[in-house]
């Protein structure tokens, strides 16, 4: 049951709900949109055998990088890990299982779970190595690959603004995978630079309606981030 | 409004808890809003693309681009958001709506619902009812206990085309409040002044009634 | 080829591109979001044998109502036509073919075309009359129905604000099907109360990026519409 | 920047027309921006979620939440929009990008592209390249004519895992500009001072060359 007024909580309490072995979607494309404060707390709390779903592996010392380095990630579902030499090394050594999807298909597989479907039918990647191993089906005289949706137990997302009901506003290219993941996970934990009272965000400015968000945590804007001025409405 | 409908709505309001997300179907359910405590923190979802709508205050000038799915002009309350139809139904299919109130032509003791089509007589389309009924966490049906000819609407088995199967949690009529359970249709409350024999006579479905636990409303 | 600076045009020129027999998506849920000026021009120009895709049939004298009454619509793909007694009568008399889809599936079928997929797999409507006739497939031990995407030759959409490149901002519950249809049709004609120079709309406020829009037409705000104050950014 | 790369970029700029939507791949293609006329109305799409990005001016303070898909801080130009990853790739799969410039490990005379994986040596993932290559209206490959060991990169048939099949329209190297046609790889322009025999010797693919129509660049 939704409890609109019981979502605003602490970093510690929000992350403590995550058990070992959880599947976790993590927003972000590069650093923008990566929920670094939530991930740092996850590192501190010690959950292990995690499956992470994230566009990329960040860099070795940012975002999910330290979790990978600490051996806490069993499996990573992603589109590209080229900026994280530690992740590549862990993959090559067989300590990290990496599942690669083309970026737009990864986004759609997540969005598809968020829309409540089983999967979708695509022609992307037919006849290529990365498209192998998919079940195919003929419709209207052409062949299509079935792409099952990807869901997760948790999503960790980064927003610019939130309200205490869990409405979220993203900023700039920090949007990326965040709103899709907020739809696709069973429990959604959001960090935001400001958490306002309901009514402070204009209804039309909200990217992720509060119905999708389980918990909201206010984080301090990094002092050295010139871009971090929240845009009130 | 007929007193039977007021009776249904007053009872239905008790099915809403503070902090919930609620969808109100077209017709009678829409009016449920006025039976909720004004300070209750509830967000009403309307499937045309708004969460947190509320009826317009008496003489407020309407914004012609703000309506609910029944076509009424609406306002919003703090915490509201607007969004496109795909997101609106993603919210529904992901079961992010706690409770939906809907009308019905027929319901049955398996919790089946028929409220969109009467073959040969009424078939304007299904709108958003199917997905709401199939995916909402709790579906509460608000309807008259019998049709205008006195025929039963609470049946053993629906005869009209179904909106969704096994979807109903609770049925509220002017005569009774019934929960759909594994065992069948269990009467929770019976209307003040109505006896059990009269209720059974007005109902085709088998009713499970424990007179010691029966409430009045 | 996109020609960013050649999209701003007149009602007449925009609608003249539509031939007889075209399939046309039309935004709107009830009146909000219905591109009434574009539809009135379509009525005036006389195109016939049209297939329309729209959530509802408006009312007899609004939006697509007059096109239906004039016998110009051969087929209507919709979710509900209950507020248009003329459409119901035309359907019952066999002069208008009506194809009904549950509203959320209709939205998703359109969005699916807009995302460039063939279709998606759903459990909505399994075991009901309205779910009959669909091809079904077993995946992961459960049965799913294949819902093919719905595309169209044209989409007519109503926006609040636009710029001359074709970026669109919708308002209130006039959003509804408009952004989905703008993705799913081959040519997209938008009406807006104001058409600004590029740069006047904040990048984060744009709902439909100009890449999806072929033509933009400025329309006069109806004088009796109190809600029609455009929100500049 | 090596003069070969400057040569490639200067020629590549001619493949962009005013009013287009353009995607610039990571690496060399990103720098193409600086070779376009500053007043040319072009919107650059970056698949992480922006249409209308541009490089930051020299000493402009970066907004840390505004990057392109290569990770560089960016600004935006008039007419820009930002959006989520699903919409960004809908734009790509719906062929709303007019032209994409990409690097390559190998290309071949069927227009196949290999630029994401070297088995056993390099496999960081595919990112957005596959969908861009498969669905863009025109794919222009910018790459060196030969690898650093002097081996041909313009092949009869790619040997590495493909990014997409039959996707390339034009290949621009420091030695030649080649269009992929039904008949094969047709040389449009050849580098100043290079003779046809030397070009053929540096190329594994069969080249269609009409010396009377051959341009210089």
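For clarity, chains are labelled A, B, C and D in written order, and residue numbers in each chain start from 1.
Basically, a residue touches a chain if its C-beta (ideal position, glycine included) is under 8 Å from a C-beta of that chain, and two chains touch if they have at least 3 such contacts.
In this text, all values refer to a predicted model and were calculated from it rather than measured experimentally.
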Number of hops, subunit B to subunit D, where each hop joins two touching chains: 2
Other chains in touch with both subunit A and subunit D: C
Interface copy of A-D among C-D, B-C or A-B, judged by whether over half of the contact pairs recur: B-C
Greatest separation from subunit C - chain, by CA centre: D
Between subunit B and subunit C, centroid-to-centroid distance (C-alpha), Å: 30
Rounded Å distance, subunit A centre to subunit B centre (Cα mean): 35
Whole-Å separation of chain centres (CA-atom averages), subunit A against subunit C: 31
Set of subunit D residues in contact with two or more other chains: 50, 82-83, 86, 89, 92-93, 135
Sequence positions of subunit C contacting 2 or more other chains: 108, 115-117, 123, 171-172, 204
Set of all touching chain pairs, with the criterion as stated earlier: A-B, A-C, A-D, B-C, C-D
Subunit C-touching residues of subunit A, taken from the complex the two chains share: 108, 112, 115-123, 135, 137, 139-140, 142, 144, 146, 148, 171-172, 204-205, 231
Partner subunit B, residues of subunit C touching it in the complex: 29-33, 55-56, 78-83, 88, 98, 100-105, 107-108, 111, 123-125, 127-130, 160, 171-180, 207, 225-228
For the subunit D and subunit A complex, residues of the former touching the latter: 46-50, 61-69, 71, 74, 82-86, 88-89, 92-93, 116-117, 123-131, 134-135, 161-165
Of all residues in subunit C, those that touch subunit D in their complex: 1-6, 114-117, 163, 165, 167, 183, 197-199, 203-204, 206, 209-212
Touching residues (chain side subunit D, partner subunit C) in the complex: 17-21, 41-43, 45, 50-52, 76-83, 86-87, 89-94, 96-98, 135, 137
